[in-house]
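Structures for review follow.
In the two complexes that follow, chain A is the common piece, with chain B as its partner first and chain C second.
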Partner chain A sequence: MSESEKASGDTGNAVDPKLLELLVCPLTKTRLVYDAKARELISKAAGLAFPIRNGVPLMIEEAARKLTDDDFRRA
Partner chain B sequence: MDQNSQTTSQNTAQNTGQSTAQNTAEHGSENTASFGFRAVPETERQGLVNKVFASVAGRYDLMNDLMSGGLHRLWKRELITMLNAPRGTTSFKLLDVAGGTGDISIRYAEDSGPNATAVICDISPEMLEVGRRRIADAGLQNRIQCVEGNAEELPFESSSFDAYTIAFGIRNVTHIDKALAEAYRVLKPGGRFLCLEFSECRVPVLDRLYDFHSFEIIPRLGQLTAGDAESYRYLVESIRRFPTQEKFAELVRGAGFSRVNYRNLTGGIAAIHGGWKI
Partner chain C sequence: MPGAPQIFDRNFMRMRRDRIAKATGGANLPDFLLERVAADFAERLSLVRRDFPVAVSLGAYNGLVAERLRTLPAIGTIIDVESSLASLVRARGLKVVADEEALPFAAESLDLVVSGLALHLVNDLPGALIQINRALKPDGLFLGALLGGETLRELREAWILAEDEVLGGASPRVAPFADVRELGGLLQRAGFALPVADSDLVEVTYASPLALMQEIKAMAASNALTERRRTPVTRTLLLRAAQIYQERFGLPGGRVPATFEIVTLTGWVPHESQQKPLRPGSAEVSLKDVLKPRSKDL
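Presenting the complex of A and B:
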């Protein structure tokens, strides 16, 4: 599913905090929750998790993972 | 605005509502968009465009050199001069859309002060990967960030950038009006919009030479250098389908921008359109 795990491996994986402040969900324009462990940006409003690969947030619907009931329970 | 005379009888069942037709007027049917001179189903266009860029990403500079005879370097320089980013310590935030390979952002960062930063937003992961490496080579990771995103659905907070640039990108967007509306949304009041794009050449003789170069030379060069005449043909055709200077200025005004103007470069082979969010 999330290819971020395999594709990473280099050190530049952290997302700049100043960039995180600017980002919103591209579909709903609402704030995102940053899951640093899973390297995902979560849009509860859209029910999507956007992956971060090599420090680059992939903010298009096609790249996102659909949130599961589990995700919602944890959040 | 005269291009929007499409009836909106679309919205197919699984569609997410992103289908106000913009570039399709002359093809008549409702859900098609132009892909070069071909009409393709609107929902497929972005995927086809993405393939072109995935195919040319590694040779993008070479491609631009071929297509513009090296002039794109001067044109980009002109764009950055017009941007007039602060050289002192004032902070300044640029959003560079479709700037995947870092061309604009790197030059801008090198030309401006330490608090002038850029976010590159590009839909093509291949183009961004080229840019990411170049940004690291230039040691500019702290000032330039990359995001994969669609110009029609920007993943940024409203009113957050001082400037928005898009160089040779807007003609590859399916719904230009949506991209312009998003540009307007993310700019701060007082923010600057600048768009560099191939345009309509208006100089006699030069226009003929340019036609010959575009339709006879470029696809052959593309075939020779990249084994990929198709992608290059798309690029040439998409240039010719793009609205003329005045028509595009109208679209920019239509998105809400003020003091919209344009400057022709090399007899109009390219043009820079500018506007302000007031």
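Presenting the complex of A and C:
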């Protein structure tokens, strides 16, 4: 468990900031946008949102959600 | 890489690992080979004089390799990367679910990538190595162990003979493992400097051929080849394979041996501090002088 997770008291779902610095989209290797509310890592280049489960980013295509037009408009 | 032949059914493999991990509470089983690899990695890394602030264990299974390496003072953070989320349930550090063939790490972001017995199961090993190379910083280290071509040679032979005899034709049952001689070249082609591939044969004995097959199944390592025969193995075929195994390889006393070849790869991402061959023409002594017969010594 990282220090930041302990500090926020959110031990279940927060993703470690260290991971966020390292991760890119596995398909396009481009930057990801972290949506803390939806707990998703968004790759606009691939049109996919990768979920975070219990603090673990699921960076596989099969687990990802396809971005909708709405997602693109908001982003 | 979409062009690579799909030798392994990776989706099937991940689902099966998820299922087995759930059934056994996350422990990916008494895996003596993985323990051995973890100890070997720890020893090799303890001999390297540099720190590795950010490391990844790729194809982490239950996190055993990272657990072992976390005790080394040279290793800072080590992240478990595994395609089956359920396998990682008990892993204690940072975790990411990802495919070894589609790495989610930024270029030049890692100091060390270790991989314990996972890369022999990818469809595109050159592609995976190139991605590892790209994710490592200059002077970053890749240390990977994978099963080599001698692995389960006894079982491979027994299955082929039994299937040929019982069904009149053989189908692939034991995965094609890479040859150690090719792996060194592959590292170099993926852009690694100072590439080394060494091989270690481990012979284990089992009470019977069936006990060996049970263990392989328990390790979630049984047949995941795309071209595998989809019909279930009949009792006749299974028993014949076991019988042939026993006849050909049985030891006095009834136990049977099984060979595992562990190939360990090391490669560094090029950096100016590393040893290099000299430029052509930079020699300070003439080869002619060196080769000239020295009459005094004769």
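Here is the rule we go by: the second predicted complex is superposed on the first by the 64 of 75 C-alpha atoms of A that agree within 3 Å, B and C clash if a C-alpha of one lies under 4 Å from a C-alpha of the other, contacts with A are read in each partner's own complex, and residues count from 1 in each chain.
The working rule: a contact is a pair of C-beta atoms (placed from the backbone, for glycine too) under 8 Å apart; a residue touches a chain by one contact, two chains touch by 3 or more.
No experiment lies behind these values; they were computed from the predicted model shown.
Chain B and chain C, once both complexes are superposed via chain A, clash. When the two complexes are overlaid on their common chain A, residue A:27 makes contact with chain B and with chain C alike.
In the superposition on chain A, contact of A:47 is made with neither chain B nor chain C. On chain A, the patch touched by chain B and the patch touched by chain C overlap at residues 16, 18-19, 21-27, 29, 55-61, 63. The residues of chain B lying in touch with chain A in their complex are 16, 117, 119, 123, 125, 128, 132, 136, 141-142, 145-150, 153-158, 160.
The residues of chain C lying in touch with chain A in their complex are 11, 54, 77, 79, 83, 85, 88, 94-99, 102-107, 109-110, 134. Of all the residues in chain A, the ones that touch chain C in their complex are 2, 16, 18-19, 21-27, 29, 53, 55-63. For chain A in complex with chain B, the touching residues are 12, 16, 18-19, 21-27, 29, 50, 54-61, 63.
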